Amino acid sequence: MTKTIIDNPEFQGMLKHVLEEKIPFCHLLGIKLESFDPDHPQISIAMREQLLGNFSQGMLHGGVIASVLDSMAGFAILLKMAQQSPKDDVLSQMKEFSHMSTIDLRIDYLQPGRGKKFFATAEVTRLGKRVANVLMDLRNDSGDRIATGAAAFMLHTKSS
Amino acid sequence: MTKTIIDNPEFQGMLKHVLEEKIPFCHLLGIKLESFDPDHPQISIAMREQLLGNFSQGMLHGGVIASVLDSMAGFAILLKMAQQSPKDDVLSQMKEFSHMSTIDLRIDYLQPGRGKKFFATAEVTRLGKRVANVLMDLRNDSGDRIATGAAAFMLHTKSS
Amino acid sequence: MTKTIIDNPEFQGMLKHVLEEKIPFCHLLGIKLESFDPDHPQISIAMREQLLGNFSQGMLHGGVIASVLDSMAGFAILLKMAQQSPKDDVLSQMKEFSHMSTIDLRIDYLQPGRGKKFFATAEVTRLGKRVANVLMDLRNDSGDRIATGAAAFMLHTKSS
Amino acid sequence: MTKTIIDNPEFQGMLKHVLEEKIPFCHLLGIKLESFDPDHPQISIAMREQLLGNFSQGMLHGGVIASVLDSMAGFAILLKMAQQSPKDDVLSQMKEFSHMSTIDLRIDYLQPGRGKKFFATAEVTRLGKRVANVLMDLRNDSGDRIATGAAAFMLHTKSS
């Protein structure tokens, strides 16, 4: 099997740096990249008091869940683009990321967001030249499905 | 005109305390209650670096927008309930708040979230016994419409 | 005031012909164009037994409502395009219509779809080069709001 | 293995009769029940000219897709209820169906709706006492995923 840009440690390191450190709100939430597999990408977030939406019941705020699933969708699209139309170098590949933007997002809240750690995954259901669609999923560390989501993204948003 | 529970400073003070201080994630975002008018409720959020989704372009993260609009929807439903079926006392009225939960949320991102301050408003389009629907809107301090949203909420979630 | 292409009876006649007669499913539903005003576009549909979703309760099927609001969104975008970037001739303007496609659609069902006639309207909340967003609304002949909707459309879908 | 109400030919026959014949709009669309397995329910629809949304390109109207996926969601919930809380008799089980109603529906259109026959399936992601959530999927006879959807339903809507 050929090495792809996705397996490139420099690419993965840069993605981690951008998503975990340089995007301020992702950093504030504490988002961590867990898997770079374009078919099973994964990010996680650890519970902490600041993320609660309900002071008495210990549940994540719905906005935290939306934020994680929106970020998950963008990460999934970036990996799928790197898989399907790899660029020659890491920087060009990273550039795609800054050109995409969420058109819309739907979150279905299935269960109270209780747990110590939460894992999001996503499936890119369409990757067109200009629009991508993604389905997302959030589970807690007991495996309970907390929420599902769907998003549409615009790619290369400069001339939209 | 009769004074309603909504005009009660104790009710407003308690709502401010809960939404601005006691709900950890709303406090983290810096959500402020601006209007208690059940027909034109409003909350605001001030831009700060931690809320950015893009380190170079100065735009709110889409998850911040989703979080503000989800919170706006809950606040709007609470006020509409206080208007249409007021309880005898402030505490009973507040209790309704802890019993509601978001079923689902859709956000449409219309323009980059740039600005110094952002104002959300909402319209409750259905207030049933068990389900409420809300339309939401976010504008920046120049009046640009940044996003719209739609949410369905479950009321009295205890026995759902 | 200058006459625009929207005021052109040939344009309006062609639009009516296409939407009411030539699009088979719109014809099957009985969609009628009621207003070509790009700021207040309107279409209607008359109740008939075939459109019911519930044999005993006389309510429109949710899919009929979704179909009408999806069609309403497309019509609203076409009019807004004709207003904001009018083409030189009617045929070129009409061509825009065949190039657009729905990315996604959300419908909120607020009240049972009872009535003799239903009126849809829409507001185009973004008209970019490649993506448009629309909010839609359906009321019955008593003025009850039956449903609201939100849609994202892709424009010039050929190269998407 | 115990025989359940779902395996009861009378129940299946009644469901077929209601969904394929007695619900007027489902009958108009030509919806057919293909599988009663509560874990893999399936319905189908055959292409015909009346269902086209585009006279030249041979694609299903987006509203047809929304209608099929909305119907699919209701059917999936009914089967899941019969599996998880079976009633003593067929009629009581069927009654659940007339008490449910769509709160909201989101459809993501992934590919042009081309094909001779289309198959929908669904997964019930939450079945509460009052609210159910469903994810839906539509494929054509070549296996291409045409659309995905998400819906929230209210159960026992009488007192909502």
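Just so it is clear, A, B, C and D label the chains in written order, and each chain counts residues from 1 on its own.
Heads up, the rule we're going with is that a contact is a pair of C-beta atoms (placed from the backbone, for glycine too) under 8 Å apart; a residue touches a chain by one contact, two chains touch by 3 or more.
Just so we're clear, the structure is a prediction, and the values are computed from it rather than from any experiment.
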Report summary line: Take chain B away without moving anything else and the assembly reads one piece
Report summary line: A CA-based fit of chain A to chain D gives a rotation angle in degrees, as a multiple of 5, equal to 180
Report summary line: Here the gap between chain B and chain D, centre to centre from mean Cα coordinates and rounded to Å, is 34
Query - Interchain centroid distance [CA atoms averaged], chain C/chain D, Å - result: 25
Requested in this report: Pull out every residue in chain A that's touching 2 or more other chains.
Outcome: 103-104, 106, 108, 133, 150, 152
Report task. Select the category (line, ring, star, complete, other) that matches the graph of chains linked by touching. Result -> complete
Query - Sites on chain C touched by chain A in the complex - result: 103-104, 106, 128-131, 133, 150, 152, 154, 159-160
Report task. Would you mind writing out the residues of chain B in touch with chain A in their complex? Result -> 18, 22-29, 49-57, 60-64, 66-68, 70-71, 98, 101-109, 112
Requested in this report: In the complex, go through chain D and note every residue touching chain A.
Outcome: 106, 108, 110-111, 125-126, 133, 135, 145, 148, 150, 152
